[in-house]
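Take a look at these structures.
Shared chain: chain A. Partners: chain B in the first complex, chain C in the second.
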Partner chain A sequence: MRIQSKKSMISYFLVSPYLVHLILFVSFPVIFSVVLTFHKWNIISEMQYVGIDNYTRLFQDRLFWKSLVNTLTFLVVHIPLQIIIALALAYILDQKIFCKGFFRATFFLPVVISGVVVTMIWKQLYGVDTGLINKLLVSIGLGKVEWMTNKNIAMISIAIMATWKNVGLYVILFLVGLQSVPQRYYEAADVEGASRWQKFRYITLPAINPTIFMVTILSTIGGFNLFIEPYIMTGGGPLNSTLSAVLYIYKQAFEFYHMGYSASLGLIFAFIIMMVVVIQKYMIEKDE
Partner chain B sequence: MKRISQYGIYLFLLVILSACSGGKNDRDSILEYWSSNNIGEITFSQKIVEAWNLEHPGSTLKFQPIPEGQSSEEIILAAVVGKTTPDIYSNMWQGSVEFYAKANVLIPLDTLAGFDNFIRDRCDSLTIREITSSDGHIYQFPWKINPFMTIYNKKFLAELNLDSLPETYTEYLNAAEKFKKDLTGDGYIDQWFGNTSVRLVWYQRLFNFYTLYIAASDGLPLIKNNRASFNNEYAIGVFRFLQEIYKQDYFSKEDQTAGQDPFLAGKIASKFTGPWEIEYLERYKPEGFEFDYFPIPVPDDHQGPIYTYCDPKSIVIFNTCREPQLAFEFIKTMVDKKGDLLFLQSTKQLPRRKGLDTIKAYENFFNENQRLQAFVEQAKYIRGMDNCEVITEVFDIITQEYEACVLYDMKEPEKAIADAERAVNILLGNRK
Partner chain C sequence: MSRMKVTKIIIYILLIGAGFSFLYPFYWMILASLTPESQLGNFNLLPLEISFENYLLMFSKIPIFRSLLNSTVVAASSTTGVLVFGSMIGYALAKRDFRGRNALFFIIIFTMTLPFQITLIPNYVLMVKFRWVDTFAALIIPSLNSAFAIIMFRQVFKGIPDDLIDAARVDGCGELRIIFQVLWPNIIPTIITVGIITFMNSWNEVLWPLIVIRDENLMTMPQLVTLFAVGGRSDAQLGVKLASAVLLALPIIIAYSIFQKHFIRSMASSGLKG
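Then we have the complex of A and B:
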């Protein structure tokens, strides 16, 4: 008993640093945020209890709902693009090609570069008058594209950039998935005379379904956190078309110091993300 | 072994606890002063503090530039929250003062002995009225200004054969039409008459809309008696003027922050800027590059002197200061005539003081720095910022309408200004 008790004490002692971290930097902020949603606070004055005023305001705040629509627009473009490109690149890398290692490293490189650096580079590439992409288009006889100044395509431009930045990570994940598909399935298919597309459609895709599910969830959660790109590139414009939910929450908190209101925005947003992920999981498991 | 581990843990805890101690209570100096991290201001502050400490060995002052961060406003806010503010801080933007004053974080300077006479000796009644908070107290000491003007490339404007410098909207637009060019022949303009930020951050409006509004309206406020007061011909005129500029491609809609400075590179002929540009241009200008300044453009029917936004910065004393009267005595040494001359010499920035051009002691300095003469003249006609706790949100609302009307021509100026007025009144109504 004494030895068991001593072992338990040592165990608690060993996990205590993480427990302290969890309480101080996770649990306390979450609980405080929930409490804050019922208050008005500008950081430097006393907190003022306002009941459900913040929530009432939230449901009437057109800009918040627009930011949610913008975020969903980003996801609708970014997730399929990312999955298709990542899968295609992984499929190619899974074949016998020259300098495979070099291409793997190159595709992964943008993932490890700072998001701020990537965004600033793409901001210059997308420049209407001095951007490299438009200069290229004009040199081959095409017109300039208002990548970041046209409200109908600005978010799509951001989605393309975000795909370029993150696709490398998912290429690696898909590559692992592809390499875990048993070879004997393909051999059996070869015996049956299946075409390349048939093998991909009826063997590869079902076999890597768990990987597709994981990539979809990760992309969705990552996509909902869209902040750096619109913050640096557009500030939420043109005409609030790239204002993401996180950027709006940030502005309310750190530009206007509406801490209580931004906490309520954050809470509702977190709830929405949770619902989306649950629905995704249900739909994918239903398919299986 | 067990004992060694125990003593090791005690020693570790002791080191951590002693490192964590410290702060205001432990310092040797009576007062702490933060300046901005501008090199000139650091030099000035070091000299002033040194002189003070020599004369006041019993009331020494510790100086440091503001700690590094994304912005000085962020650092000050963090210091206020953490109650680690200095006693004295210079470089406080005038627009921020009301926010901190309402939170009772600042000392009302007018409660300090000698303040009234000192401020009346330095500033005119308009400035004093401008810096007086809504509760009737004064929480800031006006320190320095950087008046906005229009800088221009002398060679480019000479080539346009204009009758005079384009100081009115029509003259400016006509000059812009003459200057814009498609240099590469690809059907797109790549030489513009000017440039101003298209970023949708509230403070960028200070460099375009607000400066032009001050010039057009002779310094009318945006907010008066807790209501929007900018729905007038001047704001509408400014929106229309800027809308026309972008419609006709006289300014680029691109940020142009990468690559060489477009003014130095000859891509633009003018821009709205302040005296800080002088030193930068003198250092980096190519051979033969000449520039000068003229006032901000105004409506065609404008009469009288042309006002401008002066980007004012003030000195404040935080409520954590235990010796506010002593702090004020130090501030007086920073901003008396001798202190202002040292400030001019160290920073080439203008003190916010009436009659700058009449003070004999400053004559030699201005004779040696002829480029500043235009700004000294302009300094007679300046406006700062309204005292409004939510001024940043007011500018954000204006920015939304600015984008829709000026940049994307989706609204008429009258509607844009009216919509901005409505939104601001709702915002101010919610503050009651």
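Then we have the complex of A and C:
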């Protein structure tokens, strides 16, 4: 008995740093966030109980819906673009090519660089008159695009930039998937006289399906976590067209000091994220 | 010319084009930061005239070296905490039997799926109540533990034979010595993976510092550069802003060019698990 209790004492000692963390920075905040959503509070004066006012206000809040639509716009552009480009680059890197390691490392570079730096650079690339992208478009005879100042384009611009930043990671993941296909499958297909497309469709694609789904889920979470890119590039504008979920939570809390309302936004967005991920996972499992 | 050859040429053109599009923006940033403001606005391959005036101006406007030091202290402390605590908890979960072990493991998995949007505002309130706003405690203490690190360490410790641990116990080693002196030398790749990811995440984190730090002398580097980029203090001078961005990117670029393979392997393995 003594030995047993000493043994568990040691175990609890080992896990104690995490238990403290769990109570302080996870359990308490989750419970307190629910409490906060029923209050009005500017963090200085007394908390004021308001019932479900924050929630009724939230569902009538044009900006809440706007930020949700913006996030969906981002995802609709970002996810397919990311999958297609990552897959194409991985497919090329999977061939016998010269300097494979160099190209892999190059594609991966933006992944490790701070989003702050990437956004500062792209803000210049997207410039209407001075930006490199418009200069290239004009030089091949196309017109200028208002990348950051047109409300219908700004979020798409951010989605393109995010693809450029993250695609390297997914190239690596797809490469792992591609290399998991045994070479003899392709040899057998060659014997049967299969075309390049048939080989891709019936051998490669099933092997990388799990990776495609993983990219979808990770990008979805990334879309809902979007903050620094719109914060630096557009400040959420023009006309709130790049107001992301986290940027809106941030603005409500730290520009207007609506702590209760901001917490409600956080809770609802978290709920939406979990729902979307669960639905995606369900669809994946059904598909398999 | 055979079809094979044409395909090869197309592949190389695509590859070089893609490679260029990933490298040039960074190269341009460095070039622009070294170009006098009056000559900016052109996209060149070679500099017309190199000058450090943007850097000197930036040094006089923001405490960039102070923020470099701050970021280093914060990232190094968090990484140390995550490695030490992560292996203690991972070890307990993998190799020790105690009441609530499975429940704890499920809670840890659950916290990984919990979106941070829920805890962001309450955690800020906690920092206010603890009077940690504008202290390093707010930046370091909440990030000393990581569910991801615990899972990684649990997994690698599960693969280590019990004989090794039993032998160490017979020799009179305590649990902490077993973890850090006997087991750590056997799990170097995991330590590197967790270390790189934690350090990089901490180095690049900007939302949390923006919330809990207001004192310019305590700001981390990405935070200071962000506020410099969006604020009015750079007087809309592009070169000066880009000079601060170069200094922010430089430590990671240097680390990446040395440990490039480790970075890629670590990030890929964390992606595969996440």
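By our rule, the second predicted complex is superposed on the first by the 281 of 288 C-alpha atoms of A that agree within 3 Å, B and C clash if a C-alpha of one lies under 4 Å from a C-alpha of the other, contacts with A are read in each partner's own complex, and residues count from 1 in each chain.
Methods note: contacts are C-beta pairs under 8 Å (C-beta built on N, C-alpha and C of every residue); 3 or more make two chains touch, one makes a residue touch a chain.
On a predicted model such as this, the values are computed, not experimentally measured, just so you know.
Superposition of the two structures on chain A shows chain C clashing with chain B. In the overlay built on the shared chain, the residue A:109 is in contact with chain C alone; chain B does not reach it. Applying the stated contact rule after C-alpha superposition, one finds that A:86 touches neither chain B nor chain C. Of the two partner chains placed by the overlay, only chain B lies in contact with A:149; chain C stays clear of it. Put simply, more of the residues of chain A are touched by C, taking chain B and chain C as the two choices. When the two complexes are overlaid on their common chain A, residue A:263 makes contact with chain C while staying clear of chain B. By the touch criterion defined above, A:214 reaches chain C but does not reach chain B. By the document's definition of touching, of the two partners only chain B reaches A:42; chain C does not.
In the overlay built on the shared chain, the residue A:234 is in contact with chain B alone; chain C does not reach it. When both complexes are overlaid on chain A, the residue A:32 reaches chain C alone and has no touch with chain B. In the superposition on chain A, A:130 contacts both chain B and chain C. Clashing C-alpha atoms with chain C appear in a single stretch of chain B, chosen from 257-265, 275-283, 329-337 or 365-373: 257-265.
Counting contacts by the rule stated earlier, residues 43, 120, 124, 130, 235 of chain A appear in both its interface with chain B and its interface with chain C. Those residues of chain A whose C-beta lies close enough to touch chain C in the complex are 7-8, 10-12, 14-15, 17-18, 21-22, 24-26, 28-30, 32-33, 36, 43, 89, 92, 95, 97-98, 102-117, 120-122, 124-125, 130, 132, 135, 164, 168-169, 172-173, 176, 214, 218, 221, 224-225, 227-228, 231-232, 235, 245-246, 249-250, 253-254, 259, 262-263, 265-267, 269-270, 273-274, 277.
By the touch criterion given at the top, residues 42-45, 120, 123-124, 127-131, 138, 144, 149, 151, 234-240, 251, 255-257 of chain A touch chain B in their complex.
Of all residues in chain B, only 77, 80-81, 99-100, 102-105, 186, 188-190, 199-202, 252-256, 258-259, 390, 392-393, 396, 400, 403-404, 407-408, 410 touch chain A in the complex they form. Within the complex, the chain C residues that touch chain A are 11-12, 14-15, 18-19, 21-23, 25-26, 28-29, 32, 41, 43, 81, 85, 88-89, 91-93, 96-99, 101, 104, 107-108, 111, 113-126, 128, 142, 144-145, 150, 175, 200, 203-204, 206-207, 210-211, 222, 225-226, 229-230, 238, 241-242, 245, 248-249, 252-253, 256, 260, 263-264, 267-268, 271-272, 274.
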